[in-house]
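There are two complexes below, and they share subunit A, which is joined by subunit B in the first and by subunit C in the second.
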Partner chain A sequence: MNRARRMPVKLLMQLSWRNIWRHRRRNAILLSAIAIAVTGVTLLNMMMRGMQQDMMNTAIENLTGHVKILAPGYRDDPGIERGFEVVEGWQTALPGGVQGWAKRIRVPAVVMSERETRGIQLLGVDPVRESISFLGDATVDGERLAGPGDSRLLVGGLLTEALDTAPGRRLVLVTQGADGRTREAGFRIAGVYRAEIAGLEKAFVFTGLEALQQLLGTDKITEISIRLDHEDLEAPTIAGLTGSVENLDVLSWRELEPQAASMVEISDMAIYILFVIVMGALVFGLVNTLVTAVMERLRELGMLRAIGMRPRVVVAQVVVESSIIMAIGVATGLMLAAAMFAFVADGIDLTAFDDSLASFGMRPTFVPVFDIRDVVLVVVLSLALSVLASFYPARRAVKIKPLDALRR
Partner chain B sequence: MADRSPRTRTLFVRVAWRNLWRRRLRTWMSASGIGFAIFLVTVGMSFQAGTYDAWIETATGLMSGHAQVQHPAYFDNPEVRHSLAEGTDLASQFEGVPGVVAVAPRAEAFALVSVGERSFGAMVIGVDPVRDAALSDLSTHLAAGEYLPSPDSAFVGTALATNLGIEVGDEIVVLGSGAEGGVAALVSRVDGMFETGRVEVDRSVLQVGLAAMQAGFELGDAVHRVVIKTRDARGVTGMRPILEAAMPAGGRLLDWNELLPELEQAIQIDRTTAAMTYWLLLVVVAMSVVNAFIMTVFERTREFGMLLAIGMRPGSIIGMLSIEAVCVWAMGTVIGILLCLLVVVPLGMVGIDLAGIEGMDAMAGQLMMPDRLYPALNVEVLVESPGWMLLGTLIAALIPALRVRRMQVVEALREEE
Partner chain C sequence: MVVECRDVSRTYDDDAVPVHALRGVDFQLAAGEWVSLAGPSGSGKSTLLHVIGGLDQPTTGSVVVDGVEVTALSAAQLSDLRLDKIGFVFQSYNLIPVLSALENVEFILQLQGVDRAERRSRSREALHSLGLSDLENRRPGEMSGGQQQRVAIARAIVTEPVLLLADEPSANLDTSTTRELLEVLQSLNRERGVTILTATHDPMVMGYTTRQVNLRDGNVVGDNA
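Moving on to the complex of A and B:
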C-alpha cells in the first residue's frame, strides 16, 4: 500500500522530459520567451539596484554617514548655539563594524570675495577623519588641510569660479559666534576640491575643526557622523548610542536625508512591480502550451488512467512538465543575464544625464549591482507561476474519462 | 489571387473568425495576453504623463515659470550687474503676446540678512506682488501673516525666520553689494512667512517689493529676470519665435528645459526605464502568441493539406492566418483599452491621493510632487502600444504560417489529426 501511494518521481520526470522533447519547436519558443523575460527582468533589476545603491551611498557620503549624533533642535536651527560637548569615551557605546567616525562643526556662513557674495555651509573638520565622507576621495588643486588646527580653507571648484578666486587668495567669512554675535574673519584658501556630485562644491567650505572653534569662541562641536561597514549595522548602532549619549539625538541617514530614503523605498517597490508584471505576462503562453499538451495526449492520459494511474499523479505530471519548462527557461535567462552583467559590471558612463543624476544624488558613472536576494525572488516567483499556470490544464487532465479518451 | 471580390473577402474573415473558436481557450489566452500587455503599457504611460505634468507644474510653478528673459550672461554668471534695463516696461511688452498667461519682473541678489546680532545669507528677490502671485505658487505657501502687503514688506521662509529668530512684524536689515559696486542696504518689515516644504527654499529665500529692491541695490529700473508663464508648459518651445519677437535686443530667452535641465533629464531617465519594461513586456507577450500560432498551424496541418489539394493558394492560407491574428489582436486591444479606460478615466477625474500614501507626504515636498496625481490619457498613448502589438502579433502569426508554403500536400494529408 505504502509503495503504491508513493509518487513515482523518476517516472514522472522521464515522462515530462520526453513530452517536452516531442514538441521541440513550440517549447523552444516558450523557453526563449521565459529566458528573455528573465534576462530582461534581471538586467533591469541590476540597473535599478545600482541606481538605488548609488543614491544611498551618495546620501551617506554627503557628510551624513549612516548614523549622526546631533543636539536636539539643530536640524531646525543649525548653528553653534546648538552645539554639544563630547563626553569622554562615547565611542565605547559603538558596537563592532564601524568604518570610521568624524567630529565636526557645521554652521551656515556667508563667504565674500572681492567681487561676489555667497551663502555656504562652513565645516570645521579633522581632515584625517574625513576618509568617511566624499572629501576623502575628492581631488584637490593646491593643498589639503594639514590638520584640525589648520586655519586655511578648502573651497569647492564651482564656488571658486563663482567667487572668481583661487588658492592662495583670501576670502572673508561671516558667521554666528557661540555668544550669538556675528564673527567676520579673513581666511586664506589652501586648496580647491572637486567632488563627484558637482552641487556639493557650491555648498561646503572646509577648515580645521580647532581653528573654527577658536573663531567661534567655543570648544563644542555640532555633530558626530558615523560610517558603518554595512547598512544592516545601523539599528544596533543607534540602539547602542541612544542609551549612552544623553540629551542628544541619534539619527539614521533615512531621517536626515528623507528624499534619498524615499527614493530608495520607491525603487524597491518599482523592482517588485517589474518582477510581477513581466513574469505575469508569461502565464498566458504557459497555460496555452500546457493545455495543448494535455489535449494532444488525451488518449495517452486516458490509457494511463485506465491502467491505474492515480489522478494526483496525472496532476503531478502536468505540474512537473510546467516546472521543468520554467526551470530551464529561468536557468537560461539567468545565465544570459550573468554573461551580460559581466560586460557592464565595470560601470556605465552616464555623463549625458549628469545634471539630473546629481539632482537624484547619483554619480555620472554607475555600476549595476547584483543582489542574490532578487535572483532568489525571481526563481521563487517563476516556480510559483509555473504551478499556478498548470492549475487549469491539470484540472482538464484529471477530468479525462478513461473510456471516452480511449474511444477517440 | 485573381478572385478577390468583396464576397470572398468577407468569407475569409468569417472563416478566420470561426477558426478562432475551434480553440476557445487558446484564443482567449492569447487575447488576454495581448490585453494584459496593452492594459499595463497604456495605464503605465498615462501615469507617467500625469507624473511628468505634475513635476513640470510644481517645479516651474514655485519660482522659475515656463520661460524667462535674462541678461545674456546672467544664467551662467548671476552677478548683480548683469541686469536688463527698463524691466517693468519689458514685462508689459510680453503681456500682450498670445498664449502668455502671466509675466513678472524680478530683481535679485545674494545678501546678508541681519536681525540684531544674528545674520544669515539669503537670496533676496524683489517682486511685484500682484504680478508674481499670478505666476508663482510661493504666495500660496503662506505660513503666517500676509504676502507683501506694503512696498517695504518682506516675505521670508520659515526656516530662515527660525534661524534669524524673528516673527511677523519684526524688522530685518539686508546688506549686500549694489550694481554700481557700492554697499546696498535695505530695511524691511517681515509681514509674512512661507513654508514650501523644500528646505533649500525655506531656508534661503527672502522676497521684498521690487521698487525697494531696485532702490536699495542701485538698480534703477533694471531687473534680472522677466518670468513668463504660458498656457501650456510643454508648448513653450513652439512659442519661442513669438516670444523672441517681443524681446528687446540684448536679452536671452530661456525656457524651462534650459532653466531646469535636471527636470528634463529626470523625465528622460524615467521614460527610458519605463520604455525598457514596456518593450520587454510586449516581446514576451508576442512570443506567447508565436507559440499559440505554432500549435495552431501544427494541429491544422491536415486541413491545410486538404485546402492546398483542392487548389487553394498558400498565400490565401497565410492571409487567413493573418486575419485570425488580427482578430486576436483586436480582441486583446478591446480588453486592454477598456480596462485601461476603467482605471484611468475615474482616477483622472478624482486624482490619486498621494498624501494619503505612507512615506509619500515627505516626498511630496521634497520631490516636487503635488498632493494629488492625475493620470493623463492621450491619443498617443492609446495608439502607440496597440500599434506595436499589432505588428508583434502579425509577425508572430507569420513565423509559423510561412511553413504552409513549404508544405507537401501528400504528406500533410497523411498527418494524423
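Moving on to the complex of A and C:
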C-alpha cells in the first residue's frame, strides 16, 4: 500500500473540466475578465512597443545611426579641427547585420540669404550612403544632391521659408576651415527637403562630402554613422570596432541621444508596470472565485479525501482547474488581440496630435509592433500566477480534516 | 481478524469540557461478518467507525486493520489505506455530482491507477451486481436517494476492500428502499464474503446482520451474534 502512486492526470483534467462547466456562468465571467484584460494588455503593449520603436527609429535616423564613430571631444566642441581619417578597410571590423554606413562632415555654420541669417549644422554627405538616415526617404522639391562632389545645397523646408529663398537661388555659408580661418562661400540651392520631424528641417543643411572637404581644406571627416539590421547587434558592433579604430570614440545611439534612450527605458518600465497591475487585479479575482468554489465543494472534497484521494491530488485538482480557466482566458485574449492587431497593423494616423507627439520625437503615424517576447511574458506569467493564486484556496481545502469537511 | 481494536478511547477536548466519545473499547471483527453497531445517539458509533476506517485517530489504544497498525500511519499512508482496503458508504453526499454513475465508480479505480479497460469492466460489473446497469450514464442529480446509495456501494466494493464501512446508510431512505439496500448488502456479505461494519439506529438493519454490538457512552455494553 506504500507503492508510489502517479498523479492521475487524466482524472484531474476530467474533474476540473466538469467542475468548470458546472459553474459556467461564474467561470464565463471570470474568463471574460481574463480575456479582456489580456487583450487590453497585449494591445497596449503593441502600441507602446510601436511608439518605442518609433522613438528609437527617429533617434537613429536623426543622423545618429545605431553606432557612431567620432573623434574624442567632438561632442563637446564640434568642428573640423576634431576631424579624423580612417584607414582603408576599417569596415572589415564590422560584424554581419550592417544595413549601411555613411561618412560625414558635420560642422556648425551660419547661413545667410538676402534677408535672413541663421545658425545651422552644415553636413557634407555622400547622398547614396544616406539611405540609412531620414534623408533617404525625405521628399525633395527641386533636385537631390548628385554625389559627394556636388557643391550645391539641400535645405530643409522650414529653413527655406525662414530664409525666404527657393531652389535655384543662392545662399552664403560661413564656417571655420581646417586651418582655423573663416571660410565664406556662395552655394546654389539644389532642392528643399521635407522631414517628418519638422525640427530637423531647421537644423540641417546638406552638401556633397568632397565639396565640403574642399571648402574646408581637408581630407578628413568628422563622423561615421552605422545603421544595423537590429538593435541587438549594437553590442557586438561596438566591441568589434573599438579595437580596430584606435583613438576614436565608438558610441551607441543611447549615449548620443540620452533623452530618447531614457524614454525608451521608461516605456519599457511602463509596459511591465501596466502588466503587473492588470495581472495583479486578475489574480485577486481568480483567488476570490476559487475560494468560493472550494468552499462550496468542501463536503465533496472531504468525501474525496475520505475515500482515499491524497491531499496533494486534491490540491492539484484545484490548481489544474484554475489553470484551465486561466489558459482559456489568456488564449481567448491573445486571439482577440491578434484580430484587433490586424486592423491597426498598417499604422495609426495620429496627425491630429502632431505637435505634441513631435516633442516626444515621434512621427504622426505609428505602427504597432508585435513583440513575441511580450506575448510569452503574458502567457508564462499569467499561468505562473494562476498556479500560485490557486495554491492558497487549495491549501484551505486540504487543511481541514476530511471528517470535519464531511460534517459541514 | 479483519479488525482488532484494543482499549480504544477517543476524547474530544477542543471545547472547555472534554467529550469522551469512546472509553476503552475492545472490539474484533472477523472476515465474512456483518456487524452492526447499535446504540443511542452520541454513544460513539460513528467515532468507532471513523477510527477503524482511518479517518480519525484514537486518543489511546491500538487499531489493527488487516494486519496494519492504523495508529502508526502517516496522513498519506492513511489515505492509501482508505483507498485500497476500505470501502466507505456515508449517510449522504457520497457521490461526485459532475460525474456519471459509471464515472463515479471508475473514479476510485482511477485513483488506484488501474488501467482503462480493466476499470471499465470492473465498474460495469459492480454496477450490474447492484442492479444499476441501466443507470450508468446518469449523474447523481438524476437518480433517487436509494439509487445514489447503491452507486456508492458499487464504488465502495469495486476495489474489493477487506472491509465495507457504512454509517447510517439508510438514514435518508424510505422503508422499501432501505429493505432493498439491506438485501444488496446481505447478498454481498453472503455471496461475495464482503466483511461489513454498519452503524445505525435502524432496528430493521439488525434483522440482516450476523452480529450486533451495542454501545453506550463510549463503551461496548453488549455483543450478541
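Operating definition for what follows: the second predicted complex is superposed on the first by the 403 of 408 C-alpha atoms of A that agree within 3 Å, B and C clash if a C-alpha of one lies under 4 Å from a C-alpha of the other, contacts with A are read in each partner's own complex, and residues count from 1 in each chain.
Just so it is clear, contacts are C-beta pairs under 8 Å (C-beta built on N, C-alpha and C of every residue); 3 or more make two chains touch, one makes a residue touch a chain.
If you're wondering where the values come from, they're calculated on a predicted model, not measured in any experiment.
Novice: With both complexes superposed on chain A, which partner does A:78 reach: first (subunit B), second (subunit C), both or neither?
Specialist: Only subunit B; A:78 stays clear of subunit C.
Novice: Counting residues of subunit A touched by each partner, does subunit B or subunit C come out ahead?
Specialist: After superposition, B is the partner touching more of subunit A.
Novice: Does the superposition put A:41 against subunit B (first), subunit C (second), both, or neither?
Specialist: Only subunit B; A:41 stays clear of subunit C.
Novice: Of the two partner chains, subunit B (first) and subunit C (second), which one does A:291 touch, if any: first, second, both, or neither?
Specialist: In the superposition, A:291 touches subunit B alone.
Novice: Which partner chains sit in contact with A:384 here, subunit B, subunit C, both or neither? Use first/second/both/neither.
Specialist: neither
Novice: Classify the contacts of A:300 with the two partner chains as first (subunit B alone), second (subunit C alone), both, or neither.
Specialist: second
Novice: So in the superposed three-chain picture, is A:109 touching just subunit B, just subunit C, both, or none of them (first/second/both/neither)?
Specialist: first
Novice: Can you list the subunit A residues touching subunit B in their complex?
Specialist: Checking each residue of subunit A against subunit B gives 23, 25-26, 29-30, 32-33, 36-37, 40-41, 44, 47-48, 76-79, 108-110, 115-120, 162, 174, 176, 180-182, 258-259, 262-263, 265-266, 274, 277-278, 280-282, 284-289, 291-292, 353, 355-360.
Novice: Can you name the residues of subunit B that touch subunit A in the complex?
Specialist: Subunit B reaches subunit A through residues 25-26, 29-30, 32-33, 36-37, 40, 77, 79, 110-112, 114, 117-123, 159, 162-163, 176-177, 204, 261-266, 268-269, 273, 276-277, 280-281, 283-285, 287-288, 290-292, 294-295, 298-299, 359-360, 362-363, 366-367.
Novice: In the complex of these two chains, what residues of subunit C are touching subunit A?
Specialist: Residues in contact with subunit A: 50, 53, 55-56, 68, 75-77, 79-86, 88, 90, 93-94, 96-99, 103, 107-108, 110-113, 155-156.
Novice: Quick check: in the complex, which residue numbers of subunit A touch subunit C?
Specialist: The touching residues are 1-2, 5-6, 8, 10-11, 14-15, 18-19, 21-22, 299-300, 303-311, 313, 402-403, 406.
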